[in-house]
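One chain, subunit A, links the two complexes that follow: it is found with subunit B in the first and with subunit C in the second.
Now for the complex of A and B:
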């Protein structure tokens, strides 16, 4: 018992639960998967040889890389100016814009893909409009091609590019730019020589994040793409569905993983070498996710911060702008980006009130029947309830385990800390199909395929990573002397935790729990692999409905799901508001 | 096979301690299931609903055995996994013909207990529908379907697959089923279009299949992957002429959509009711399948969901107007071709089954 207690005292001991879950559900199976792909115990590379001698595999591998690269490129081209314009906007406008970017990020990915089918379809919103205006005679082929795949993928990925960029740009001291200008640099030179290099860490984080996510895509390309637009994940998923040949599946999964790792290490190493400024060793490529969450924090802490210095810089910058044209173009650009991000959601909401039995836009009449069909059908509301239950359990488990781990990590040296953090967040940095296959293997061995416990464990491995990242960010600002002060006044460890530590890190805990819930609630790929048939979550029910049914119930579900992000934003806002109120109450106290 | 050996060996060495904790949860679930209930995979959408109404609910009422319906499909890989991991959570499932034959070959299905069937019922069931491992649940077909606004009945329109392939004579937007899973695809149609007689389709010449598909490839708007997709496309009048499940097209006809079905050169396909090996409710599952293949139940089903009964006695109980909607109506049967599930599962000298061969060729072909 006492040795157990001692273990709990050691920083590494606190990380044990997190690593235990990670190892059993994900780590060991990943190693097994690798051994299977190598035909262990005989060890040979025949599976890899077989993979590469099939021309279709090689072509689809290159196509997967190509599609991911192009999607990442588009995200960067659209996302960078957007982020820049958000950062240079006035305070209230900036907060609104960030919220508008976060809403689609928190909206169900399935619902968003589905919205694009409705918009781009041959009798979709755009074609119907053009046909109705008499501008075209027959529908334009907007869907079932590569362009539609990019439109759908970029739509899902763009917030993941913009948020890290905004985060990085907000950290840039704008007086540097002002200084450059005062020394005679033109606006473009000042941007190119000063601002852009300083924003590179954000570019790197965002690009890596988007690229790796794209590698694992398969639902969106299958729904929006044409015959040719297959991704390696599509092949892997088809193999999982039609056969049980683990060695072939494992081989394809590891090849995909190898691509991800090669790109991650290349970009990560290369840029971090030139970025001497990177004061924070944790902010490495692997931790790209961190910056998103950070950004949320920044967004919250930004609200009360005095703003004078920056406004001065902004005024100085504006004074140098001879023409108002750039500003107008900038505004139009931001409006277009926001319309692109939010329009699909709006379409789905309107369609959910349709009176017809098919997906139509505009609806032939208005009714609430599809909401009634959702709330009245046990298979729908049952699936929703299952998802809520699983989500809450995932949130509880991963918040406890993840917070312990974050505490342990915060007391370690920077070297081991960043290494262990990197390991803990592998499940959210690997392509999702690889995580799904590995988890699937892990849960077979545990006999948990098709059980709620199994799904909770499968979702938790990713959720724990998210909690660790968010709570670590909170702990970074946590003043340890407060704990020492409490202890010096004879408070026990538990009392110190409950009375001092917990209240201070509560926003981080709640933020972590919310994101953990969301990670579970929206998960479709891993769940469809490990869920068996006995547990039906809402995303699985949505997928089933999309395959078999075409009534607008799914639009009603998607609309209800869109209410969620609004709810989350309110939660965050209330949290910030409370902590601000508290800060105002407590701050004057020492002065008095 | 080799995988399961290595898997076991490694797991014994690495994580046997972990597995112990999981066992308790499994056994508790099994004991909960054996109290007079079965879990049945009944398919999604309207098909699943009809299965529940025609089979599951009356079965519960007659036997008192509760049916827990799962309204989705079960992939063969998942079924195999359950059986191999000795964690069978499904007692009855409807499997496509090819998957059923393959599953039987892999030894993961229970044998059907024909001793509990009444002779009259058993004689009514088509011979091809009675297999040692399963009984056909329904018979459906892939048909050519017209948008009658583009191809009205009083004008010439394609009647055979050869004419469907003739894009000069019959211009129009076309769709065919995707071949990405190998077991389902426009293979037979491609051969018929190329002039192969209907009774000589098997063994299929795969090179000839793809040579024929090459000709139609540029004219296909979408290779559809699910029934809802083809239903939505026909409803939206995006497609002028399609290959479609008959049931999806019939639903549209009943809703008054300008859609008509061509029964010539229809391709018949069927599902089997099966019981996974290791099910904890085998006897109840056998009873369910016996119940669901009775003529009166299948007649009730056909009136909810227009697919063909596997028990021909059902036709005596089905009004003619409904019977004419079914792909197994005697008038249609003689102009239809049956898919040969056995051929799909035949394994060549390279160790690949024809299904795998088709899937591989498809993956190469789509990227060309």
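Now for the complex of A and C:
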């Protein structure tokens, strides 16, 4: 007992629960998976050989890389100017635009994919409109092809590109650009020689983020693409469903992982070389992925703050060009991007109120029938209830375990801290299908396949990582002398925690819990692998319906999911803004 | 007129506040602290007397904060022992000790109001709500922050925050007070004002105080005694006057004020007493007289040593004039008060310097 207490006192002891869950559910199975792919105990590369000698496999592999690269490229081409225009906009406009980018980021990916099915389908919004206008005789093939895959993927990934770019650009000191201008650099030269190089870290982290996410993409390509547009993850998932030849699955999973790691290190090293960075760029990029979550807080706390940086970047690009065209073009561009990001959601929300037997746009009459059907149908509201239950339990488990771990990490030296953090967050940095397969293997060993407990554990490994990142960021700002101060006033360890530490890190804990809940509530890939036949979560039910497209109730569900981010934004805003406002309020409050 | 403010409210817990406390003596016995292989404090032995204001002074990294943290119980000594009132406290966690601490950053709880901050130590000691309110009110009055109880710490100025931190450390009437660079974050004016304030608080509460600083002026103003530290060791302990007037080492001489070191071959020191081995002569700049070379000798010339040199530089510093005078290979600093009719020397001028031989101190090199 006393040795147990001592363990709790040591920094590493606090991380034990997190690592125990991680190891059993994910770590050991990942190693097993690797051994299986190598035909252990014989150890050979025959599985890899077999994979690469099948032309179909190689084609899928190259296709995966190609689709990911193209999607990343489009995100960058669209995202960079968008981010630039957001940064150069006036304060209120910039805040609005950032919020408009965050809303889709917080919206269920499934709901957004569903929106594109509704828009691009043969009987979808666009075809119906064109048919109705008599412009075409038969539906255009807008869906189930590569183009649709790109539209859907870029739609989902764009916020992940724009947000890191915006934060990198906002961090650029305007005096650099002003200095360049003062030295006679024209607006374009100043941009090319000063602004652009300084924004490169944002370009890198955004691109890597998007690329690695794309590699693991599963649902969107499967839902919007044709049969020939399979990604490696689709291929792996299909193998799980049909044959279940574990060595083939393991091999494909590790090839996918290897591609992710190789490309990451190549891009990371290359760019860092030009900047002469000494720090390990790969590790940075892994972490960069999570900085979005961290930065969310930053974006939201921007809202009430007076605008400090002047519109320097706008001057940068206005000065010298007498014409107003660039400005007009810029505005049109931003409007188009925002329409692209938000319109699909709006269409689904509007359609969900259709009165007819099918979904129509625009609806011929309004009714709440699909909402009634959602709340009345046990299979729907049951699934929703299951998801809420799982989500809440995941949030509780991972907030407790993740917070303990974050505390332990905060007391370690910087070296071991970043190493262990990197390990704890692997489940959110690996392609999701790989995590799914490994977890599947782990839960088989535990006999938890098809149980709610199994799903909670499977979701928690990723959620713990998210909580660790958010709480760590909060703890980094937490002044440890406050703890010493409390102790010097005779507050014991528990009193210190309850009266000082907890109240101060509470926003971080709630933020972590909300993101943990979100992670679980929207999870479909891992769940579909480990859920068996008995547990039906809302995302699984939606997925099934998207494939069959029989029940328009899904539109009501998707609409509800679209409205959810507004709730989250309000939660975060209240959470972070209030604490900020409290601290910044300079009005003297009269003594009680 | 002060009477009114100082009259204590007739309340039972008043006894608690003004009760004659047994102030403990604090003793360090051969205390060392290693951070890994780095020694932060080495074999430190020191007694803090009852009720005194002791300042630990030293350059950055000399182990001041570490010494304070050891005393506060936030760090455990690697060797040696610390005794408070004769009891070893090495194994007593900080939250079981009775002490008030003012942190360099003040460490005011940002989520509690000023009153909430002041109540905290009372609450932890089980004082009931009604008594807490009264004591907080009185304390706020004492530090001139009567109307600030409802404010958040972030709504206070630096000096106000400092006073809240001090009030919070004193409110539970601890037997001793630890201060880590208490005025470090304040600007010069405020600093002087707070020094006076702290001095009067110390007198009023009669509390044993250990203060850490690297500001020599602060140390000279506030302290009964000063401990000068250098790379983890104690260099000298003494009263401010004694430290300034009779520094034991060259380091102390230079750390507290300015010092001229008189060494061969430029100076053959003519002395009254025998120069101890391993020492050098030291004279403070204000003890040196600067005159034109031709000026007639004074009556006490036989008790003075005199040299000639060239003015290198002259700096006006308010009522003072500071000269750098080159004598052979050495530059001596000379400081004199500006008086009417006194000549001003320019760089390049030949001058004569002289000083009383009894003003030369021998300090360990």
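Just so we're on the same page, the second predicted complex is superposed on the first by the 536 of 592 C-alpha atoms of A that agree within 3 Å, B and C clash if a C-alpha of one lies under 4 Å from a C-alpha of the other, contacts with A are read in each partner's own complex, and residues count from 1 in each chain.
One rule holds in what follows: a contact is a pair of C-beta atoms (placed from the backbone, for glycine too) under 8 Å apart; a residue touches a chain by one contact, two chains touch by 3 or more.
Keep in mind it's a predicted model, so treat the numbers as computed, not measured.
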Which of subunit B and subunit C A:533 touches, first, second, both or neither: first
Touched partner set for A:228, first subunit B, second subunit C, both or neither: first
Partner chain(s) touched by A:453 [first = subunit B, second = subunit C, both, neither]: first
Partner contacting more residues of subunit A (subunit B vs subunit C): B
Touching partner for A:496 - first (subunit B), second (subunit C), both, neither: second
Which superposed partner A:35 touches (first subunit B, second subunit C, both, neither): first
Touching partner for A:247 - first (subunit B), second (subunit C), both, neither: first
Overlap of subunit C and subunit B interfaces on subunit A (superposed complexes): none
Partner subunit C, residues of subunit A touching it in the complex: 479, 481-482, 484-493, 495-496, 499-500, 503-504, 582-592
Residues on subunit A engaged by subunit B in the complex (per definition of touch): 24, 28, 32, 35-36, 39-41, 54-57, 59-60, 63, 121-123, 139, 141, 144, 222, 226-228, 230, 234-235, 238, 240-247, 357-359, 379, 441, 444-451, 453, 532-534, 536, 540, 544-550
Residue numbers on subunit B that touch subunit A, as the complex places them: 2-3, 6-7, 9-11, 14-15, 18-19, 21-23, 25-26, 29, 39, 41, 43-48, 70-78, 80-82, 84-87, 89-90, 180-183, 217, 220-223, 225-228, 231-233, 235-238, 255, 355-356, 359-360, 363-364, 366-367
Residues of subunit C touching subunit A in the complex: 72-74, 93-101, 103-105, 107, 109-111, 113, 115, 120-121, 124-125, 146-152, 154-155, 168-169, 172, 178
